[in-house]
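Below, each structure is written out as C-alpha cells.
Both complexes shown next keep subunit A, but they swap its partner, so subunit B is in the first and subunit C is in the second.
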Partner chain A sequence: MGKLDRFTPTSPLKRLVWTIGIVATAFMVMAPVYLLVKYSISDMESINTGGLPVPLWPYHPTFAVFSYLFTDPEFWQVVLNSLWIAIGTVLLSSLLGVPAAYVLARYKVPFRRAILIGIISVRLFPDISSVIPISVFFISLNLYSSFSGVILAHTLLALPYVIFIGMSAFEGIPRDIEEQAMTMGANQFQIFFRILLPIAIPGLAAAAIYTFLLSWDEFIFAHFLLDPGGKIQTLTLYLRSRITFQPPQNLLAAISVCLSLPVIIFSFAVQKYMISGMTAGSVK
Partner chain B sequence: MSELIIKNIQKFYGDHKVIDKLDLQINSGEFVTLLGPSGCGKTTLLRMIAGLETIDGGELYIGGRKANNIPAQKRRIAMVFQSYALFPHMSVKNNIVFGLRIKGMELHDMFTRLDWVLPLLGLEGLENRLPREISGGQRQRVALARALVLDPDVLLLDEPLSNLDTALREMAMEELKRVHRQVGKTIIYVTHNQAEAMTMSERIAVMNAGHLEQYDTPGALYRHPRTMFSAEFIGSPSANFIPGTIEIKNGELVLNSEIGLLEIDETRKDYLRNFSGRSVVAGIRPQDIILSSTRTHRRASDSHVTLGVELIENHGDRSFVLGRFENGLPVRFMAANDSDYRTDARVEVLIDGRCIHLFDPETRQNILEK
Partner chain C sequence: MKSGQEQFPSAARLKSILPLWPLLPAAFYLITFLFVVLSYLLYLSFSTASGAFPTLATAGNVFAMNEFRQAFVSTLLFVIVGTPLELVAGLALAMLIYKPFFLRSIVRTLFIIPLAVPGLVTATLLFIIFDSNGGFMNHILMGKYWFFPHVIRHAVDWRGAQWSALSVAMIGKIWRDVPISMLILLGGINAIDPELFDAAKTMGAGLRQRFRYVILPLIIPAISSVLLLRSIEMWKEFIFPYILAGRYHLLGTLIEFLYMEWGGKYEHEAAFVALVLVGCIVVSVAVFMFLVDIVRRMVSDVR
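Showing the complex of A and B:
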C-alpha cells in the first residue's frame, strides 16, 4: 500500500467532505493573493466605483502602477537596500549560526540546555518589546540608520532559526561518516568543510532562504533603526510611507506584489531541497 | 611489519567494564575474526585498535609501534564500518580516493591506485555514481575498496556483510577471501555469525562479555572447545550439554550421565581417572550423535542411547532433528535423509566417546583441553 492510499477517501460522502475541505483551504489561501493581484492591475474606475460594488475583475486591467513603480528611482533604491540587507543578514547569520549549530550538535558543550533556551528565548519576546532596548543599544553603538545596524538586528532575529535548523541538519549526519573520515586521515577542519558542510547544505540552504525572507519583509526593526527621513529605506518602509490619508490602493497592491515575489520564487526553489535523501545511501 | 599485539587491554564506560584484560596477538598478513554475541565488546575492541576509543588500560602495538596514544589519523589502519559510512555527496570514485587526497597524494599515483582497486572489487563503470545510486552489495565493495587503496598496515572490518542478504553475503565472503589472498593484508574481521567466522578466518578470537574465551584456528575451535561457551557458540546447531559424573563402574571408568552410562574413550581414561567422582557437563555436537541404523561397525567407545523424535527440519541432504532423551532432556542432532526415522518414533543413537567434550560445571572450562 502506498503512503497516499491511506488519505484517499473511498466512500462518496467522505469524498465530498474531503473535496469541500480542499476547496475551502485553497480559497482561503488564494483569496488574498487574488485581491492583491487584482488591485495591482486595477484602473481607478474599478476602485472608486462611486457606490457600485467593486468588480471581481478590473474593468480595464492595466500595468500602469507597475510602470510608475519601475520608473521610480526611489523604488529601485529601496529594493536594492532590502536586497543588500537580506543578503548581508544571510551571510552574517550563516557565518555565526552554522559553526554554532555544528558545535551544539556534535560536542559536549557545558550548559548546552541553558544555551539552547537562551537562543530560542530571543524569539519568545514579541519583536515590538525587544525593539526598543535593542534600538537604544544600537544607537549608543552608532549603528542607527546604517546598513550594519539593520543587518545585525535581522541576524539576531534569524540566528535561532539558523542554529536550530542547522543543528538538526548536522545531527542527521551519522557519526560513522565523521569517524570514517578520521580513520582516513582527515582532521577536524577537513571533516567539517569536505564532509559535514556539503552534506548539511540542503538543510542550511533552507535556513538561508528562510533568513532571506525574514529580513526581506521585516518591518519593525527597520522602522525603529532607520531614520524615517534618512537615506536608507527598505521596501517595507517604502510601502508604509505610501499609506497616507487616501492611499492609492493599486499602488500599495503593486508594492505588495513586489514584496511577495521572492517568497513565491523561493517557495518553489525550496521544494527541490525539501526532497530529502541526500544522506540516503550513505548508511544502510 | 604489520603484526598487532594487544596486551592486557581494558575499556570502561563509567563503571561498566566492557573489555576486561584482553590479550591478542595477530601475525602480519593474518586473517583473524573477533567472534562473539552482540554486546560482547567486539566493536569496542575494534574501535580501540582504530583509535576511535581511548584505551583505559594495557597496551596496543601496531607494526611494532606502541599505538595507545597515536591519533586515529596516524595509525595506518583502515576501517570498514558496519554501516559502510560512504560519503553520500561524493561519487564512488571520490569516496575511494578521499583518503589519498587527504594524504596529498599525486594525482598520477592516485589514479594508479584507483585503476588497481576498481577491477579488484568489480567496481568498473560505477565510478561516477553516487552511493545512493548503487546496490547494497556494491556499497559494501566501495567501502572495502576505499579501505584497501589506503594501503593500511591493518584492515579492520566491523560486520561488513551483515547488511547483505544471504546470497550476496556468500559471494562477498568468497570475494573477501580472494582479496585477502591477493593483497595479503592483516585483517581483523568482526562478526557474530560463527559460520562466517569459520569459513573466512585463519584464526578466531571467541569473545564473551568483554573477555577472550578462546583463540584458535577454526578446526581447533570445533574439535577442541576450551570452554562451554566456545562449544556452544561454534558449530551449528550448537552443542548439547548433558550433566553427569565420572565414575568407576565394574572397574571401568564411565560417564554416569543424566541420559545413562556413556563410554569414555580409552586414550582419555588414564587422565580422567584423577577426576573420578567429579561432576562434569558433557558437550556433544549434533553432528556426533548418529543414528545406530546408519552405522554398521561398532567401536568400543560407542554408547547406545534411545530417544524420541519430536521435530524434523529438512536441510536437503540431511535433517536437523529435535528430540528428547528418555529422561526428558532435549537433544539436537543431524541425521542423513536416507535413513529411517519419523516424528514421534523412538530411535537408537550412537554417541562416540571420543567426541564427548567434558567441562567443569563451575569454571565451565574443558577439563581435557588445557
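Showing the complex of A and C:
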C-alpha cells in the first residue's frame, strides 16, 4: 500500500463528499479573486444597478478604468515611487543579509541558535508597535517622508527573510567545493564571490523577489513614515486614499489588480522559498 | 605576565572569529533598530508631552480611555475566536489535499493563492463586497440570485456596527492567512509514519477513528505551532480592521488612531498602547507555552 493512500476515502459516498469539499474550497478561494477582476472591468451600469442584483459578469466589460489609471500621471508617479522603494529595499537588505546568511550557514558561529531566534523575533514584534518609535526616531534624523526612511524601515522587515532564505541557499551547497577551493589557496572573499555566490544565486534571487514583494505591498510603515499630503506616496497609500465613503468600486478594484498582479505572478515563481520561509521551524 | 603558550589559544580563537565579520553589518542594523524601538517605546510610554519622565500619567490616561478598554476586549475576542477558526479551516484544507489525486499540485497551488494577494487588496475587496449600498453580499443574502436562498429582508450595513464590522475583518484575515496554517499542518501530517495508518487500518479503524486516534495526537506539535503563530498574528492584526471596521478599534488600529489623529497630540498614549500590545503577545505566548506543557504532561501520563 502506498503512503499516500493511507488516509484516502475509499467508498463512493466519501469520495463524493471529498470532491464536494475540494470544489467548494476552490470556489471560496477563487471567488474573491474573480470578483476583484470582475469589478475592475465593470462599467458603471454593472455597479450602480438601481436595486437590481449586481451582475455576476459585467453587462459591458470595459478597460476604461485601466485606461484612466494608465493615463494618470499621479498613478505612474506612485508606481515609480513604489518601485524605487522596493528596489532600494532589495539592494540594502541583500547587501546586509546575504553575507550574514553566508556566515550563519557556513561557519561555526557562537550562540548561533540565540542569534537565529533574535533575528526571527524581529518579525514577531508587531509592526504597528515598532512603527511609532521608528517614526519619532526618523523625524529626529530628518528621514521622515523620504525614500531612504521607508527603505530603511522596509529593510528591517525584510532582513530576517533574506537571512533565512539565504541560509538555506548556502546550506544546500556541498562543503567539499569550499574545502577544495581552500586547499587550492583561495581566500574567504574568493570562495564567497567566485564559488558560493554564483551557486546560491537562484535561492538569493528568490529572497530578492520576496523582499521586493514585501516592500511593494507594505502599508503600515509607508502610512506612518510618509506625509499624507507629501510628494512621496506609494501604490498602497494611493489605494488607501481612494477608499472613501462611497468610492468608485471599479477604480478601487483596478488599482487593487495593478497592486496585486506582480505579487501573484512572482509569488508563484518563489513559492517554494516563500513556503519554507513562512513555515520554518513551525513543525517539530 | 602570560607566557606565549598561554596567549596562543586566544590568538587561535581570534582567528576563528575573524571570518565571522560579514555577520556584523546585519547584526548592527538589527540591534540598532531593536534598541531604538525598545528605548523609544519605553521612553514615550512613560513620559508626557510636557516632558515629564518617568511618569505613569500616560498609562493612567490610556487606562481611563473607553476606547482602550473596548479595543482591548475586541482584540482579545478577535484572538480567541479567530485563532481556532483559522486552525480548523487550515486543518480541513490540509486533510482535503493530503490525499494524492489528479491535479493535486495545481489544487494545492490554488489553495495558496490568498497568500499572494496583498492584505490591503483583500481588505479593499471585502470593502466593496460588504458595501451596504449595492454590495454583492447583501444582494446574495437578500435572495436576488437563483443560487442562494432569501436570508435577510433589508440590506445590512456591515461596516456600520461593531461586531459585524469586526466579523468581516476576521473573515478577511482568515481567508488570507489560512494557507499558512494549512501548510504547517500539512507538514505535520506528512511527517507521520505511514506504518501507523496501516496498523490502525489493520485493526479495523475507520476514517474518523484514524483521524482522531492517529493523526490528531501526532500533529499536536503542528497544531501548537499554528495556534501560537496565528494567535500572535491575530494580536498584531491591523490592515483588515483598519479598512473594514473604521471606528471600531482593535489595539492595532487604536495605536494608529491615537498617533495620526489630532496632530500627534496622543503620541505618548499611542506608544503606551503599542507597549501594551507587545505585553499582551508576550503574556499570551507564556500562557500558551504553560498550557502546552500541561497538555504534554497529561499525554505522557496517559501513555
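The rule is simple: the second predicted complex is superposed on the first by the 244 of 284 C-alpha atoms of A that agree within 3 Å, B and C clash if a C-alpha of one lies under 4 Å from a C-alpha of the other, contacts with A are read in each partner's own complex, and residues count from 1 in each chain.
Definition applied: a residue touches a chain if its C-beta (ideal position, glycine included) is under 8 Å from a C-beta of that chain, and two chains touch if they have at least 3 such contacts.
Everything quoted here is computed from the prediction, not taken from an experiment.
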Is A:Phe268 touching anything from subunit B or subunit C once the two structures are fitted on A? First, second, both or neither.
second
Should A:Ile243 be classified as contacting the first partner (subunit B), the second (subunit C), both, or neither?
second
Touch check for A:Gln77: first (subunit B), second (subunit C), both, or neither?
neither
Which holds for A:Leu259: it touches subunit B only (first), subunit C only (second), both, or neither?
second
Mind working out whether A:Val103 is in touch with subunit B, subunit C, both or neither, as first, second, both or neither?
second
Classify the contacts of A:Ser146 with the two partner chains as first (subunit B alone), second (subunit C alone), both, or neither.
neither
Quick check on the superposed pair: does A:Ser168 touch subunit B, subunit C, both, or neither? Answer first, second, both or neither.
neither
Between subunit B and subunit C, point out the one touching more subunit A residues.
C
Overlap the subunit B and subunit C contact sets on subunit A and report the shared residues.
278-279, 282-284
Parts of subunit A lying in touch with subunit C, wherever the complex brings them together:
1-9, 14, 18, 21-22, 25-26, 28-30, 32-33, 35-36, 39, 47-49, 52-54, 56, 95-97, 99-100, 102-104, 107-110, 115, 118-119, 122, 124-130, 132-137, 155-156, 159, 163, 188, 192, 217, 219-220, 223-224, 236, 239-240, 243, 246, 249, 252-253, 256, 259-260, 263-264, 267-268, 271, 274-275, 278-279, 282-284
Listed in rising order, subunit B residues that touch subunit A in their complex are 50-52, 72-75, 77-79, 81, 83-89, 98-99, 102-103, 130-134, 136, 139, 146, 150, 163
Quick one: which bits of subunit C touch subunit A in the complex? Just the residue numbers, please.
16-17, 19-20, 22-23, 25-27, 29-30, 33-34, 36-41, 44, 92-93, 95-100, 107, 109-122, 124-129, 131, 133-136, 139, 144-145, 175, 180, 183-184, 187-188, 191, 194, 197-198, 201, 207, 210-211, 215, 221-222, 225-226, 229, 232, 235-236, 238-239, 243, 252, 255-256, 259-260, 267, 270-271, 274-275, 277-278, 281
Can you name the residues of subunit A that touch subunit B in the complex?
174, 176-177, 179-187, 190, 194-195, 198-199, 277-284
